[in-house]
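Structures incoming, each one as structure tokens.
Presented sequentially are two complexes of chain A, the first with chain B as partner and the second with chain C.
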Partner chain A sequence: MTTIDPERGIHLCGVTKSFGDNTVLRGVTADLPAGRIYGLLGANGVGKTTLMSLICGHSFRSGGTILIDGQDPTENAAVLENLCFVHEDQRYNDNFTIAHILAIMPAFYPHWSEQTAQRLIRAFRLPMKTKSKKLSRGQRSALAITLSLASRAAYTFLDEPYLGLDATSRTLFYEELLREYAAHPRTFILSTHLIDEAAELMEVVLILDDGVVAVHTDVDEARRSSFIVRGRAPEVRSLIGDREVLAERSMGAVVSATVRGHVTDDDRYAAHRDHLSLEDASLQEYVAAIGIHSLTHDSHAPAKDVA
Partner chain B sequence: MTYTKRNVRLYLANRSFVLLIPVFILALMLLISIAIAAIIGIPQGLPLRPEISDGTRGNMGPIFSVPGFLVSVGAFAMNRNFSMALAFGSTRRHFWAGTSIGFVLTSLVVGLVSLLCLWLELLTNHWFIGAHAFDVYVLGDGNAAQTFATMAVLSLLCLFLGAFFGTVFRAFGGTWTTVAALAFGALILGSVALGVAHGSTVLSWFASMGLWLPILVVTVLAAVAASGSYVVNRFATV
Partner chain C sequence: MTPPADGRPIFIEIADHIADDVLAGIYPEEAQVPSTTELSLHYRVNPATAGKALTRLVDEGVLYKRRGLGMFVTTGAPEALRARRRAAFADHYLRPVLAEGNRLGLSPADIIDLIRKESS
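The block that comes next holds the complex of A and B.
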């Protein structure tokens, strides 16, 4: 079983990544102590997969520092063997069946759980003798989840793990992730666009925006970090005051604004008085609003076409 | 070694693909060679008359049968297994080392099976009908060491060539793969030109080596392809 050392974790300092003239990450800095479930969130092309690839040494950073348990992971076998990162578009050898892939996993992961693997294979009804190139999108996701959870790697990266999975399979994934995490505490870094659905899993969220970490906080704080106010434009603007508007939509005289900040008692009073609708933004709405804000204010907008 | 062994296991995950199919290809080549000899024998009887049987010593089947498949094995191994190895926490150098050991194993199997077939061929007086499949000029005319070395080294070259071009394709795309192929061709032609330019001394030394000369050349090319695949692999990304 993997044990959690408080001194362990991932340290990122000024991590940058460029593809030619296109700079995706402009200086990512964050400390991620081990033994938590992190949600890595942000709009398409903001660099979530790129960041995970850099941490795992699947691609090379342009600048900055990455340390895992105090060591640079680049071509560092002792560090990398604790990592599992099955990409969302993971390529397998076309001639391998699921049985072939499962057979080699214990060689890579000393804590590999055959029991977990078999349970998930049965639950997802994965065909053991089907070649990897024949797997459907959902089956590929189910396989990635199976490999990731059964690996029991100290640092497990899940990149959009449930593309193509139906609601039942996603629920199964959430249950299995929590079961594994409770029984064998370790670090999960989860990137997803189904944010509200996965929010219950996350302990800490990192929201990437414009190539940097825009928000790094615990999930409850993130949920309280913005609110949505709707109503007639003058009253809405009056309630918002000088607070930052992340996103705004208008339909005739009615405005809906997502605002960064906490709802105060004064806000509630004003909303009641002026017949405004006032509610906390969901985490998904918060992340979406940050993305929209970035698109409408970001001078680097053309850089958004890289995953 | 543990890190490398993991990648040997990855290479060998589908044993039938990397070990058995090359053997089946050799067996198929053998069957075709015997069938052709049998067809030749239809008008004049079997076993073939010695002068006709000697004519089948020019059979090039052994060296033309497996290369195509082994190039694809090498390309698949470096191209597709690479992303798997990295996903499962391997370093690039351990992946390359483990896969290279796998290539050596495949090459040894091809060499040993060829040797076994040569032995059977001689034992059965060329499959009872005077058919030559492994006791052929290109494998040393029944020389066991040259048969083994030729087939093993040729296999190694094909695997590493596939690995090299597979890695270049993955890392840099089709254009650079073409550039690399042209560069590899230029290297071969340049080496030949160098030999010719240095005249009779070099050529006579090479000539004295007999069949060991092409084996040496293929070994050098395999080493070049292996080195190239290592260098490109160190910079490859998923």
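The block that comes next holds the complex of A and C.
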């Protein structure tokens, strides 16, 4: 990419958030240079939405530092107009039509693109005159995506943007996201559970676990960060050695284990010799394994109940 | 075609696709190949991933960059690719065939017979 400015970006340091006794974020620290597409991943209730809300000033952090382009976003209009966060369950005034909603958007987003909005409205076949309360789940998601991309906000947050969207509409979303990103480079932060489907859009992934950033790396590295070995239990155990097992399943004499770490040449040799199957875990399998591992080893389990 | 994808990074797959297209003459010597943006939209991948694919091919000498214009196929690239793939042919194709044959009780001679039958 050509337009990454080292001065610009999101700086998070020790960000915490509690709801009463419930601590969701226990110290989130990360530097996210501007101009990239980030994937914010992790199990349900791990605090992805909470973190996005804090960054966007929609709710207040309990502690820590958040800076956007060097400035605190809290009640800072100059920063906030550069942020767009359409919530997963965004609701509008029930009697507003899509036409009404589109008409008020430029007031919030100085870089609003009517052209992008109209192109996406047509592509998603959104009915301009239907009142927002009558929109289906999929239509509301399509509207949220349309508003997010048309906002042209320097920092756009997409939180589970495609509930209810079919495969065709999701593909359309991926294409439009990349088209917008190519034409007007900016920062996107995308949370999703359809990880393997969306992984190729991302340049950098952050995996939240247990209230902190457990993994922060480029997407190719994340994908090589764990592997799945499958075969007879003794040989599988011998190959794993003392490496960390994130998840394990067995079926009779056969064990399948997701292991943290890179596959080495020794592993390939042992797998060949002992008739084990060996493959990199997909990003989705990696994230799921971290979540499962955390559920079964977690000393802060109550925090997991928070949505 | 290249060996089957076994969880290889997508940028390597894209690089292999472009190399296949160079071998097939879709992009002749000195022809321009698609840009990072075009590859990003075509494969629906992050432009950084598309950029890595092009960088890999530049590092391998298949493509070269003309500043401000884009990426072009190096003269001699198809021949060099062919030579490199021939060198890797035994590793990528013959060894898996022999290993599977071994599991099934097919000797190298049996396999050669099968190849003769298939290609006749």
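Assume the second predicted complex is superposed on the first by the 303 of 307 C-alpha atoms of A that agree within 3 Å, B and C clash if a C-alpha of one lies under 4 Å from a C-alpha of the other, contacts with A are read in each partner's own complex, and residues count from 1 in each chain.
The criterion applied here is as follows: a residue touches a chain if its C-beta (ideal position, glycine included) is under 8 Å from a C-beta of that chain, and two chains touch if they have at least 3 such contacts.
This one's a predicted model, so the numbers in the text were calculated from it and none came from an experiment.
Enquirer: Given the touch rule stated above, what does A:7 touch, chain B (first), chain C (second), both, or neither?
Expert: Touch status of A:7: no partner.
Enquirer: A:242 in the overlay: touching chain B, chain C, both, or neither? Say first, second, both or neither.
Expert: Touch status of A:242: no partner.
Enquirer: Figure out whether A:90 sits in contact with chain B (first) or chain C (second), or with both, or with neither.
Expert: first
Enquirer: First (chain B), second (chain C), both or neither: which does A:82 touch?
Expert: first
Enquirer: By residue count, is chain A touched more by chain B or by chain C?
Expert: Greater contact footprint in residues on chain A: B.
Enquirer: Between chain B (first) and chain C (second), which, if any, makes contact with A:57: first, second, both or neither?
Expert: In the superposition, A:57 touches chain B alone.
Enquirer: Considering only the touch criterion stated at the top, classify A:21 as touching first (chain B), second (chain C), both, or neither.
Expert: Neither partner.
Enquirer: Check the residue A:265 against both partner chains and state whether it touches chain B (first), chain C (second), both, or neither.
Expert: In the superposition, A:265 touches no partner, neither chain B nor chain C.
Enquirer: Contact residues on chain B for chain A in the complex?
Expert: Interface residues on chain B, with respect to chain A: 3, 5-6, 9-10, 13-14, 17, 76-77, 80-81, 83-84, 86-94, 235, 237-238.
Enquirer: For chain A, which residues are in contact with chain C within the complex?
Expert: Listed in rising order, the residues are 1, 36-37, 171, 174-175, 178-179, 181-182, 200-203, 218-220, 223-224, 272, 279-280, 282.
Enquirer: So in the complex, which bits of chain A are touching chain B?
Expert: 53, 56-60, 75-77, 80-87, 90-97, 100-101, 103-105, 107-109, 147, 151, 153
Enquirer: Which residues of chain C touch chain A in their complex?
Expert: Residues of chain C touching chain A: 6-7, 9-11, 37, 40-41, 43-49, 51-52, 99.
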